[in-house]
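The data blocks that follow each hold one structure.
Paired with chain B in one complex and with chain C in the other, chain A is shared by the two complexes that follow.
Let's look at the complex of A and B:
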């Protein structure tokens, strides 16, 4: 039995692992640098998808321009939510409530029938062809192959930016000790805004790549958020480099369960919750905590 | 030592008696008592139904305020326990148990059990992380039911034909008002006891409590377990008002409305939830036929405005006003 499911588990586990990394990178970066838990993170994914539909399908604008505009709007919404919360709801709990309410607002807004056909699933065009190809006998969408490639570039780029650039040092200083950093002339709030913008751009990029292979619905914001959060928990909240092993651990567990119990399609989603809760009980500091011996 | 215990107990009783004489608390009980008379106990009117729904949301708001409002640990998993209560009642009714008190009791128990099982591992996490994990709960509920619904041979469209909570909407309202009053008084007494003091201390400065040797963990677990029991009970009531329970019991409405009510009533105040619950649900019921789907959107906007600009709700200004009106000026 293991032999028959090995190829699909490895191939899907690897490809979706990269997808999960891309979905979780922005969330973990935001958490690690700005200490912000943003429940509207998944909503930015949804905003990008709906805006692509609006610009490319409803207005008929060129797809590349539509994607750029949609990503710009997602980044603007992300930064606006952050600024609104920082200004009026600075404590973490109120921040959390506001971001949940904003996510619900966007959900109800996109579900409002005169705007985007209510709850009906929409299809958006993508840059990558969606017809499936065979990989070692397993049928996969090229969307996920491209996503894997883009994820590697984004991950390495982000790592390089944080670890080896002058601004990356500034970002790390602001993350380590905001008060001391501001004493050294670092404008901490500007750093946070840049990080929020980068994080929003990453999740918008994920939407641009992945959503053409899915349906656009008003509740689509939940899944990327759940994945991002669970991957962050496994990796050790706040440590963005650990998203890589964490995402693969999650995707392999999910696909192992999915192919072992093919009749229960929702069972693989439950795995995500079980893994998250298990990590919180056994390894509250995630995979990143093991290395530090804590 | 014994004298110290007696002295502390009598001081606690005095504090509780003073709290129970609070005019806002007493006025809230009077409002609750007036509701069944307003609608009529044999009524099947839309007002009686609206007030019945308001009473269910008041239960949810009281539970959320008692656990999350008082401790600062925001529990976004309320719809999960609501769904557990509703589906438990639906499942038992489907199996032929149609005794309403029994269904309510089992739903309460299932809420308690669910709350306890969730609280024990997760309340070790600090506030925001706990909140995020609790946010995942309703999705876990939905996925679990979706995964096992067919294997368990449950009816595809959900459980229909649950017994009515009472023969008329007025009767349902009366039962729910009694439940609201019991929960309000119970939680209010707890709020003003040593237990409540610790809960509020957790919200203000949990580290300070820990540094005094107080283990906050059991207090949080008890608060969240009790609140989950009440939410499970509310879920069963909701299912028996609609005579239906299905997967939509895990919906976001059952967290949006309690949050809005608590924000309007004042976080951690408990008594504010009753007035705010009536205002919110009656406004919603009034505007829904006019604005339809837009109503929910407007409610979320109202909630955002409240949390950003009126974080203390209506109760604190009301108390200040009462104090201002009743305090004699020095001559």
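Let's look at the complex of A and C:
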């Protein structure tokens, strides 16, 4: 039993673990720096996918150009939502509510049949071939292999930027104590906008890589948001570096349950929430809290 | 907390910039009070004028609509392809009936008029309250004469008590047997106002109770004749919806389908509902389980928009061997009831084929009505041609039923000589109408009657996607038996092209023509 499920659990757990990291990275970064829960985060994933469909399929623009345009629009929308919230909903509760409303607005906008195809799933082209290959007897999509590679690069790049660059120190200062940082001449608002832009670019990149292996629907924003949220909770809601172990804990738990109980297809999804709730109860500060002995 | 540069701790309170209220004694304040009072009077006058005007417009519209119009309220999932197609079918029928002089009610010609309410119910996450709001709005606000619509069975079932209480005649298209049960249990208490214009689960099962058996035997007949292979190991995947529970049951060996398949020599290996949203957005882990089980055929029970993702994943999945001809092509045969697979748009657009990145090549599916131009009845091909000409897409499984409903309702109204539901009901109960998908008759509990032998009144209709991106009627010697329609497009001796198609055992069988056996 264990032997027969070992290969698929390890391979899918690893590949989807990296996918979860990429999905959660921007969300946790923004949460850790600006302390806001951006519920429109998943909507940027959807905006990117629909924009790629619009530019590449509807208008027939070159795919690379379409991807660049779609990512630029996603970043612009992400920054615009943030500025809108700062202007009209400055406290965390109203920020949370407004971002949720924006996500739902975008969902219904893209579900409007004259714009696209209503609820019908759309397929967008990708840069990576979708025909799967065998890895130790397990069928895996090149999409997820590339996503794993890109995630490693993005994660290390982000870590290096935050930890070892002068602007990274500025970002950390703004995150630790915005009042003191502003007294030292740091433009905290600008720092937040930069972080929002980086966060939006990361989730847009995730859409560029992953969505060609899936389909584009008006409700597609929910799952990446849920994954990002659960990974952030398990990681401790603060430092983005804890998304790495949190994402792998989640993905290995899910695929272990899925292959152990293959006839209970929804059980693996429930596991994600069980793990998250367990962390909230036992380790409220997540994996990051373990290191601090909490 | 979001802090802004400069003074991040300062509260951003726009209200603090508002000047204090002026003293009542000041002339400026007095002037402002006068202007406010004037403004208030203007607002009141405008509101009263709008109300009075609106009342007269409403009276005029109501009187004109009730004079020569039969208003049919349609609660439908209009934000989905399925709902849009149903509305298209309704408008096609209405256009034809009105152009032919309308409905003759006791010597006066009436024109059909459609009023819609978008219930969004094709999305399984939409609550049943949308359906309740829909019929309530159509009855109370739009004052419709009749109701016709509905798609998701749980939504339709929730609407029935309201319709029965208000005594509105409702022809619905849900698939749950519970609709007829409601009519039987509440006849003379409002239930008699409800008719099910679509095949319910019992009728469907009477017709295709062992549909996978038929399809697989059809495939094996073809396979043994032409490809020298056989399918035995079968998995059944049903979407997470009420209508698949009758066949899937508790799943695995406890599923009602399990012994059926065993009894005719097949080896069921996996029978379960599949998740609408798989972990990580991929069905790879599900297919890994099926591959490990040695699955040779996957039988689908699906009506939702998530199936193109499942099928494109199935096509991209590596089932164990690559060939230069078609990488990852050694895959289980795909067949069953898959509503989305009926959607070819037009023969040139092939929408479903594109949605699945061509992974649907080889998928066998079935439905009712002329999804393809096939002469089920004398009106089938004219209906198909008119639908495609009007909307540029092909009709889907429910469209022939919706289209027919306007015709047999018109017939019942004319016979009753009245628009009063209670007068129309006896004639609707005696309906004997032949439409594009077959012959419509109602049982005592207002479900569609579907006699099987010697000839089905509403026959199932098989189709298959080919590797050239075209959807063809399905053929088989077994499908010439009374339970299934032998598609007339494929006559004995006609030639069918197959390109790049492989049998489930990996035998390359494509690139050539062969003769159809009937």
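Keep this in mind: the second predicted complex is superposed on the first by the 294 of 294 C-alpha atoms of A that agree within 3 Å, B and C clash if a C-alpha of one lies under 4 Å from a C-alpha of the other, contacts with A are read in each partner's own complex, and residues count from 1 in each chain.
The rule is short, and it goes like this: contacts are C-beta pairs under 8 Å (C-beta built on N, C-alpha and C of every residue); 3 or more make two chains touch, one makes a residue touch a chain.
Fair warning: this is a prediction, and the values are worked out from it, not measured in the lab.
A.B. asks: Under the stated touch criterion, which partner chain does A:269 make contact with: chain B (first), chain C (second), both, or neither?
C.D. replies: both
A.B. asks: Between chain B (first) and chain C (second), which, if any, makes contact with A:149: first, second, both or neither?
C.D. replies: In the superposition, A:149 touches no partner, neither chain B nor chain C.
A.B. asks: Given the touch rule stated above, what does A:237 touch, chain B (first), chain C (second), both, or neither?
C.D. replies: Touch status of A:237: first partner only.
A.B. asks: Which chain, chain B or chain C, is in touch with more residues of chain A?
C.D. replies: Higher number of touched chain A residues: C.
A.B. asks: Tell me the contact category for A:109 with respect to chain B and chain C: first, second, both or neither.
C.D. replies: After superposition on chain A, A:109 lies in contact with chain B alone.
A.B. asks: Just to be sure I read the superposition right, which of the two partners does A:284 touch: chain B = first, chain C = second, or both, or neither?
C.D. replies: First partner only, chain B.
A.B. asks: Considering only the touch criterion stated at the top, classify A:90 as touching first (chain B), second (chain C), both, or neither.
C.D. replies: Only chain C; A:90 stays clear of chain B.
A.B. asks: Where does A:157 make contact in the superposed view: on chain B (first), on chain C (second), on both, or on neither?
C.D. replies: neither
A.B. asks: Chain A residues touched by both chain B and chain C?
C.D. replies: On chain A, the residues that contact chain B in one structure and chain C in the other are 92, 111-113, 118, 222, 263, 265-266, 269.
A.B. asks: Per the contact definition, I'd like the list of chain A residues that touch chain B in the complex.
C.D. replies: Those in contact with chain B are residues 37, 39, 84, 88-89, 92-94, 96-98, 100-102, 104-105, 107-109, 111-113, 118, 222, 226, 229-230, 233, 237, 263-267, 269-270, 273, 276-277, 280-281, 284.
A.B. asks: Touching residues of chain A toward chain C in the complex: what are they?
C.D. replies: 4, 8, 12, 16, 19-20, 34-36, 85-86, 90-92, 95, 111-113, 117-123, 130-134, 138-141, 144, 178-179, 182, 186-190, 192, 210, 213-215, 217, 219, 222-223, 251, 254-255, 258-259, 262-263, 265-266, 268-269
A.B. asks: Going by the contact rule at the top, pick out the chain C residues touching chain A in the complex.
C.D. replies: Touch list, chain C to chain A: 1-9, 12, 77-81, 84, 120, 122-123, 125, 240, 251-252, 270, 272-275, 277-282, 284-289, 291-292, 305-306, 308-309, 312-313, 316-320, 327-328, 354-357.
A.B. asks: Please output the residues of chain B touching chain A within their complex, sorted ascending.
C.D. replies: Residue positions touching the partner: 72, 74, 76, 121-122, 124-125, 127-129, 131-133, 135-136, 139-140, 143-144, 146-148, 151, 252, 256, 259, 263, 293-294, 296-297, 300-301, 303-304, 307-309, 311.
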